[in-house]
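Below are structures written as structure tokens.
The following pair of complexes shares a single chain, chain A, combined with chain B in the former and chain C in the latter.
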Partner chain A sequence: MIDQVKQKINDLLSNGSVKGVVALVHTNGNVAPCLYQKGDDLDKLCLGDTDSAGDARYPLNKVLVTLSRQYPDEVFGVLVRGCDERGLYGLYRLNQLDPERVVPIGIACPQSLALQCECKKPWPDDMMAGETSEGIDQKGVANAESNSHSERFSYWKGQFLKCVKCYGCRDICPMCFCRECSLECEDLVSKGDLPVEIPVFHLVRAMHMADRCIDCGLCDEACPADIPLRLLYKKTAQIMNTEFGFTSGIKKYEKSPLSLMGPAPEK
Partner chain B sequence: MDYRNTLTTCTYCGCGCNLFLESIDGKLTGTTPCKTSPVNEGKLCIKGWNAHAFVQSERRLKKPLLRKNGELVEVSWDEALDYAASRLKDIRKKNNPDAVGFFASAKVTNEENYLMQKFARAGMGTNSVDHCARL
Partner chain C sequence: MIVLSQMLDFCGIEKERLRARWVSSAEAPEFVEEINDFVDILKKLGPSPLGKEQVEAVA
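== the complex of A and B ==
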């Protein structure tokens, strides 16, 4: 698979259709986000796998947004998995990236990673390498909801109490791009105090993720307190799906129901 | 176009979390925790996440400041060091070595901290050495 990706990047760079390609590099024993440009060595290209599949994934779309803000006229390629492609669709919809200036290089995730992520679509629509694995049933939310209200309340309260307010969930999130963030609004969240406002802090973020979260799981991986954030956002995404028939990043140009005025769109 | 992620160690405390400083054309634009680091495994605290923010900050001091007539004014390194040395000597002479305390820092290297405690103990003659986190 990696050879196909290298070939594709080489083709894109040598025929000049992109200025650079955002992907990963394996260097000095570490995996890092990287921008490959014409003439760069592709030998150290990496797909984000070290000990197990996808254990060194980074928010490449976030890198792309940063680069595009700096160089709005250039075209960039980007390595995408299923979740990253959903992210691209979301960022097009939210006017953070121009689809004319992005060339996705899609790879499928192996079954092991799909299972670990409980990913319903572990492959991108536009896929150039890898074999499609099966989508996984979303059981996490139902399992969590099988407990009583009081059990769930104390469970989440306990989880939120662990928060060290590092803002890592927001900072790693490829779908968080606002220049002003509600979590820094002192009317909602006081500065420098711990424990964090319960449940305001986490629920504000969960609400903002409702029509954005692409279920990539990077927030879970970045949380030093091991708060199951992904499960929380899966729940808000599920409400969006049940109420409006909308899932973030599944259809390329679909508008979010939360950005429409007037009656609810038909399911 | 020069886009880089430079692997480095967080300067905020002694844990030694590994992070990437993201830069575009020589200007720092962000911090990303290193996932393959055995120390922090892709996680950071709020200070680490903002490690890029102070380096090129306009508010950073670039020259030594000395308070003269109640106001801080920029002075040369020679003047600042001369003043610090003479006051330290004065205080030590008028009181005793324990009238002076030394705070080490997580933002400098191990070797620099070694030199500082050496200076405190062998130079000034006090064991009053502590870490800046207790300030």
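== the complex of A and C ==
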């Protein structure tokens, strides 16, 4: 699998169709994001595991957004999995990336990882390497809802109280790109106070993720307090789906119902 | 609104605590009725379980 990807990156770089490729590198015992340019050594290229899409993941799209803000006229390649591709669709829709200037290199995730991530679609539409694994059924929201109202209350209150307000969830999220963040607006979130105001802090983020979250799970992985953030956003996604028939990142160019004013457009 | 009220419910907070209604400045009676109605509901629900004292007691 990795050889196919190397070949592809090599081709893209040597024929000059991209300025660089955002992917992962395995160096000094760690996996990190890396921008490969013409002439760079692809030996240490990594897909998250030695030769396949492993569990070392990074929000590469986020790196890409930063890059394309700096170099708006250049074309970049980017390594994408199923979740990253959903992210790309979202970022196109929200005008953060120009599809004409992005060359996705799609890889599928192995079944074991799909299971671990509880991933609905562990492969990108536009895939060049790997075998598609099966999507995993999502049970989290239904499980949480089988508890009573007061159980849910104490559960979430306990979870939110653990928050240390590190902003890790926002910083890792590939769909968080605003230059000014509501969570830093002092009228909503007072600076330097703990515990955070419940449920304002977490629900503000959840509301902003309602039509964006692509269910990649990076926030869950990043949270030092182990708060099941993704479950919260899964619920917003479920509401968006039942109320408006919308799922973030599934269709390219689909507009979000939350970005429309007035009556819903004819389907 | 639709999303937020369901999220409150998901987190175990009474969704009746959230309410929005457009009232024109020319509709004083509607405004009074709305507020009275909301106050009645809130009285029934009692103080928020997330008031400062309650949260600090656990923290």
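A few notes on this one:
The working rule: the second predicted complex is superposed on the first by the 259 of 267 C-alpha atoms of A that agree within 3 Å, B and C clash if a C-alpha of one lies under 4 Å from a C-alpha of the other, contacts with A are read in each partner's own complex, and residues count from 1 in each chain.
By definition in this document, contacts are C-beta pairs under 8 Å (C-beta built on N, C-alpha and C of every residue); 3 or more make two chains touch, one makes a residue touch a chain.
Worth saying up front: this structure is predicted, and the values here are computed from it rather than measured.
Room for both chain B and chain C is found when the two structures are superposed via chain A, with no clash between them. Of the two partner chains, neither chain B nor chain C is touched by A:C117. Rounded to the nearest 10, the angle at the Cα centre of chain A between chain B and chain C in the chain-A superposition is 90°. Touch criterion met: A:K19 reaches chain B, while chain C stays clear of it. Of the two partner chains, chain B is the only one touched by A:N30; chain C is not. Contacts of A:C213 after superposition on the shared chain: neither chain B nor chain C is touched. Residue contacts after overlaying the shared chain place A:V65 against neither chain B nor chain C. Taking chain A as the reference chain, the count of touched residues is higher for B when chain B and chain C are set side by side.
Touch criterion met: A:A144 reaches chain C, while chain B stays clear of it. Within the superposed three-chain model, A:W156 lies in touch with chain C and out of touch with chain B [touch as defined at top]. Touch criterion met: A:D55 reaches chain B, while chain C stays clear of it. Closest CA pair between chain B and chain C after superposition: 19 Å apart. Taken together, the two complexes place no residue of chain A in contact with both chain B and chain C. Residue ranges of chain A in contact with chain C, taken from their complex: 144-145, 149-158, 161, 195, 198-199, 203, 206-207, 210, 232, 235-236, 239-240, 243.
Remark: chain B residues 1, 3, 5, 7, 18, 20, 22, 24-25, 29-37, 42-46, 48-49 touch chain A in the complex. Remark: chain C residues 2-4, 6-14, 49-50, 55, 58-59 touch chain A in the complex. By the touch rule above, chain A contacts chain B in their complex via residues 19-20, 28-35, 37, 50, 55-59, 63, 66-67, 70-71, 74, 164-168, 171-172, 221-224.
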